[in-house]
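You will see chain A twice below: alongside chain B first, and alongside chain C after that.
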Partner chain A sequence: MEDARPQQPFADNIKPPRTSVGVIGWLKANLFNSWFNSLLTLLVLFLFYKTIPPFVRWAFIDSLWMSTGKECLAADGACWSIIPANLRFILFGFYPYEEQWRPAIAIAMLVSLLIYSQYRRNWKKSLFYIWIGGLVVMGILMRGGLLGLTSIETSKWGGLPLTLLLSVFGLTAAYPLGIVLALGRQSRLPAIRSLCVVYIELIRGVPLISLLFMSSVVFPLFLPEGVSVNAILRAQVAIILFTAAYIAEVVRGGLQGMSKGQYEAAEAIGLNYVQTMRLIILPQALKIVIPPSVSILISAFKDTSLVVIIALYDLLKTTQSILGDPRWMGFSAEAYIFVAMIYFVCCFYMSNFSRKLERELDTGL
Partner chain B sequence: MNNATQDTADVAHGDDPIIRISQMHKWYGDFHVLKDINLEVQRGERIVICGPSGSGKSTLIRCINRLEEHQRGKIIVDGIELTNDLKNIEKIRMEVGMVFQHFNLFPHLTILENLTLGPIWVRKTPRKEAEETAMVYLEKVHIAEQAKKFPGQLSGGQQQRVAIARSLCMKPNVMLFDEPTSALDPEMVKEVLDVMISLAEEGMTMLVVSHEMGFARSVAHRVMFMDYGQIVEENNPEDFFNNPRNDRTKLFLSQILH
Partner chain C sequence: MAPNETPLSGTEAPSKASFWYDPKVRGVLYQIGALLTVGLLAYYLMSNTLANLERQAIATGFGFLEKQASFEIGESLISYTAADTYFKALLVGALNTLLVSFIGVVITIILGTFIGIARLSTNWLVSRMAAIYIEVFQDIPVLLQLFFWYAFFYEMLPGPRQALNPMAGVFLCNRGLIFGVPAAHPAWQYMAIAFLAGCVAVYFIRRWARRRQDQTGQILPTGRVGAALLIGLPLITWWLAGAPTAMNIPALKGFNFKGGVSVSPEFAALLLGLVLYTAAFVAEVVRAGIQSVSKGQTEAAMSIGLRPGQVLNLVILPQALRVIIPPLTSQMLNLTKNSSLAVAIGYPDFVSVAGTAINQTGQAIEGVALIMMVYLIFSLSTSAFMNWYNKKMKLVER
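For the complex of A and B:
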């Protein structure tokens, strides 16, 4: 029953012309394939020539790396010294200076857990328990009050741990919630469907800032006297609710891309709704929407910096505050480039991971 | 195959039909798709249903496992009546296998996983046992060496054979075929029909929506012609093809048997 076609084609294969392959071929095809494109190429090269050398001189050759602010004022180049001199405040905010090893270890643990979890061969039940254990240890490290660690109020948390906390928890909680909302929006039960539609449209209709404001200003008004909910938790919930609505719409797109035949085949075998969704529909739908979901996760990660408006000191805010220090005034470019690098590394990592995952899950259909 | 007529004698006289459809109607909105369908299928009986597109033949067999809901009349499968009761629907779906025009394999699962999914999750068979059964059926449709591949890597004919094996893994008593060869390249039709013929030889109850008249002639006990939501004519294949009584049947046959 196998294909019995002859393997060899009738004519011999010959090589393509030399000018269409290799470096010369590439240059011709991509940079100089018409007089207009050649002109553009030259123009861009000229702009590079004008901008790159001065930047390199500013950032690397004339720059100072370990100096005081005064010495910087005399120099021409970048004053990177602002970073090492204030590094611990940028990273940890108002967390007590002598206890900052604790958030440092917590971050190291979180990053190693994330790196460990990115490999699919590690996706087992044990991974779940490792995460639970890891989170408990991280919590104890940050909060203290146990095992002889001094207790640190959450109002003192800030910098990188706060940014990572808000984003990692925000994203991992928003994703499942978004899936549930997407399924709810497709539900045959009108009550559930309308509830989900109203929720999604309401949340998508307001900016994140207003949600954060509501969670910090309006929400406490409804609480009874003497009851208060932690500010970080309130911001966290606002971020989760916000991101979930966007995830829901992306996932819905994936669900609509599924052919009716897949549902029918699953039903014909006798799978029930939950099994059909879990085993057949979601694995395929979520795979289709990896690229747009990762875009949302990336933008949600960056949006955590909006918590500054409710007086939480995340990474961006701690960086901003050192710029108010008279000794380091005027070096905002350097400080912002540094934070930008941190954000970039995280976001680039996420988008790389999503592409890797897409490749691995590709089954040729 | 050749003893089809002889089989007829065996199956036609059973008084315990495996499928009993009486006075069944179905509408899509206002459109009356199925009109007063009465049909009894005996155990081991093989029926081929043909008819122009839109005549309701696919809808009819899709009602039998509740992929479509009928609005009036009764459908009883193996003693269980189809109602809105989810338990009954689940039971009937375990009894009834279905093969689709477009195969509908699960593209994110390997061939073997496609086959074991139902037994493991619906019949609660242990994984190892389910895999052994799956290999037996893959062997039977001559495709065992592809077990680790994904559906996207197989030809249409191979995919349809996998789809048949997937249904068989649920150990159904009835198999429904919804135009199983119409989406295939001509050179792949035969490999699928061969599998269906061997299934027929084992005595499987089969309802086949198909225009493969050669298959109908050699395998079916009864051939039915449907048009405008009604069963217009039914007969044994001999008489159906040689002496069609209804004018519409005659016209239809003249158009497909060039």
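For the complex of A and C:
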């Protein structure tokens, strides 16, 4: 059939029409390819015209960056001054001012550990030990009382370190529990299976806030007289118990993705249950569920903001208490936009990582 | 133990395995162990709790529900005063939760579908804008968004005297959103009845039309007939009832608006925050659902002569909905659960009323148990519906 076509000797020399390549071609193909799309494009451009110039004027041209709250009241634009003036309180809360280099180093360590772990070539057994060591060092840095560091009560912890602590520890501690729950839910033993199902469905059916309420008002009643657990640890336990149920469901997805042949093969070579799970099933199942696990990390990170409601000073609460200060009252938009940007950058980075990972791991199976 | 030393364990009688190595016995023992552990833990916590409650002289049981609540609630669907019981106060809270969840779910589905479709638009600008919206609103904690919108109403909007007036009869100020509604007239009730009657009629007409199509092959344009019934019946009723056109427009009197319907800033902020946050997730669900139906399906449907409307209704939607509905329900459930964050911005939802009750009576266990129970009822009934739906929609394979 190819040969039957009429020959076009000069086809190579004829350039495509100017309206189908380059900028004009792109515009035509992507913005004005039908009357409806042209209308939409014009509508969006009109909306831009209406909203972007006033926003730019508010946020950049008329804004103040280094001033007092009083000067801001007179200005028309945004009062970004609220951020530099209160940055250290927003980031570190009531942590003693002179010691704030410690949480700063701890955050830097955590972030570099996270960045180091995102490369798959670093996924070795040593990574596990690096994490354990890193977390211990971070704990010592924050808590003090060793190596000549002054001891800082956990009630003084606040701001970004608290947010990161609650989410990272929440996920690391919840993961083993979640795996156990998922295995329990798949178990052949009816009592164990129903215990796990009840736990998972109960936790997933209620809002996190009810568990946080429980940790703050009910949990103290559970303890024998004279024993008390500090508020941060109680909230942390609530977050761990909550996250574990969601992890269990994700891991169950991975377990169900395993073919029956894997179990049979393991049985055939004489492995017992623990060996089958540890050596055959979990290494494969957990690999499948890495991307959804990152999504759980993202929502755990966002959900830690709920501790505001039980009056822990996380990143959001420190910002709010700045806004209660009469000198800075009325600049909520600026402060909230700043905090939103911190959350956005972290979550966006993680979700991009998750998507990248999903693409990479996809070829493996 | 090397595997090749026990090659016959499966084929020989299992009674040969010693008592402790019998999988059945072990299974029973494991289960007894697990139940005992859970039971002992529960017993330990219970005994501590009872001792603590006795020491602090806190009453137990749900008797407090009968007592007088003696606190006011800002917004209520039913008449409520501080003299009413705790039970009624909690009922008011539960109704408020239901109200905000219901309205939120309806708006979220509409907005989310819209953005999900925009994300797939061939218009580069529109699709980029939708992508940015999804990414930004997904990645900011919903509580922060609620605080932002709450501050937006209280700090950034002007007072009633300088209220923004984006449309005739609609006012936006720091007292909330106030808009005009048609003045009270019996015609509106009749119209609602007519609409319901229309729905019932459409249901039966569709059934009849399907049966007729199965028997004779003739197709009745049920879509057009249904639309005519649903719009026409209420319109005729309206006209018969005297065609009332009077409006109840809010007007500035003194320091606040009189007349019309007003939505409190708390409710508006809660609704706005929840809808904008959840719509980002719904948009992703809708996009994935639409993309899951391959292009060949559309082409095949067209090639057997279906009209575009039929292609959508009979081929695309049934397949896309099968993918969309399960994650969509879980998003709706998330919205309902997130509505409990109302407590942070002072809207009297169930959690917030229960929180007040806990503070007043000290009966934390009962209060938290009530909160969990109410949300569990929502979740379990939704998942029961989901199971039913999944069974109904399951692909029937040959």
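Descriptive notes on the structure:
Just so we're on the same page, the second predicted complex is superposed on the first by the 287 of 365 C-alpha atoms of A that agree within 3 Å, B and C clash if a C-alpha of one lies under 4 Å from a C-alpha of the other, contacts with A are read in each partner's own complex, and residues count from 1 in each chain.
The definition used in the following text is that a contact is a pair of C-beta atoms (placed from the backbone, for glycine too) under 8 Å apart; a residue touches a chain by one contact, two chains touch by 3 or more.
What you are looking at is a predicted structure, and each value in this text was computed from that prediction instead of being measured.
Contact with chain C, but none with chain B, is seen for A:302 once the two complexes are overlaid on the shared chain. Shared-chain residue A:262: touches chain B; no touch with chain C.
When the two structures are aligned on the shared chain, A:120 is found in touch with neither chain B nor chain C.
Residue contacts after overlaying the shared chain place A:30 against chain C, while chain B stays out of touching range. For chain A, the partner that touches more of its residues is C, with chain B and chain C as the two candidates. Once the two complexes are laid over each other on the shared chain, residue contacts for A:270 go to chain B and to chain C alike.
In the superposed model, A:283 makes contact with chain B only, not with chain C. In the superposed model, A:327 makes contact with neither chain B nor chain C. Within the superposed three-chain model, A:356 lies out of touch with both chain B and chain C [touch as defined at top]. Residues 269-270 of chain A lie in contact with chain B in one complex and with chain C in the other.
Listed in rising order, the residues of chain A touching chain B in the complex are 1, 3, 259, 261-262, 264-272, 275, 279-280, 283-284, 287, 361, 363-365.
Residues 65-67, 86, 90, 93-94, 96-98, 100, 102, 104-108, 117-118, 121-122, 142, 150-153, 155, 157, 166-167, 170, 191 of chain B are the ones that touch chain A when the two sit in their complex. Against chain C, the residues of chain A that register as touching in their complex are 30-31, 33-34, 37, 40-41, 44-45, 188-192, 195, 201-202, 204-210, 213-214, 217-218, 220-225, 269-270, 298, 302-303, 305-306, 308-309, 316, 320, 323, 330, 332-333, 336, 339-340, 343-344, 347-348, 351.
Residues of chain C touching chain A in their complex: 3, 6, 27, 30-32, 34-35, 38, 45, 48-49, 51-53, 55, 121-126, 129, 135-136, 138-145, 147-148, 151-152, 155-156, 337-338, 340-341, 343-344, 351, 355, 358, 364-365, 367-368, 371-372, 375-376, 378-380, 383.
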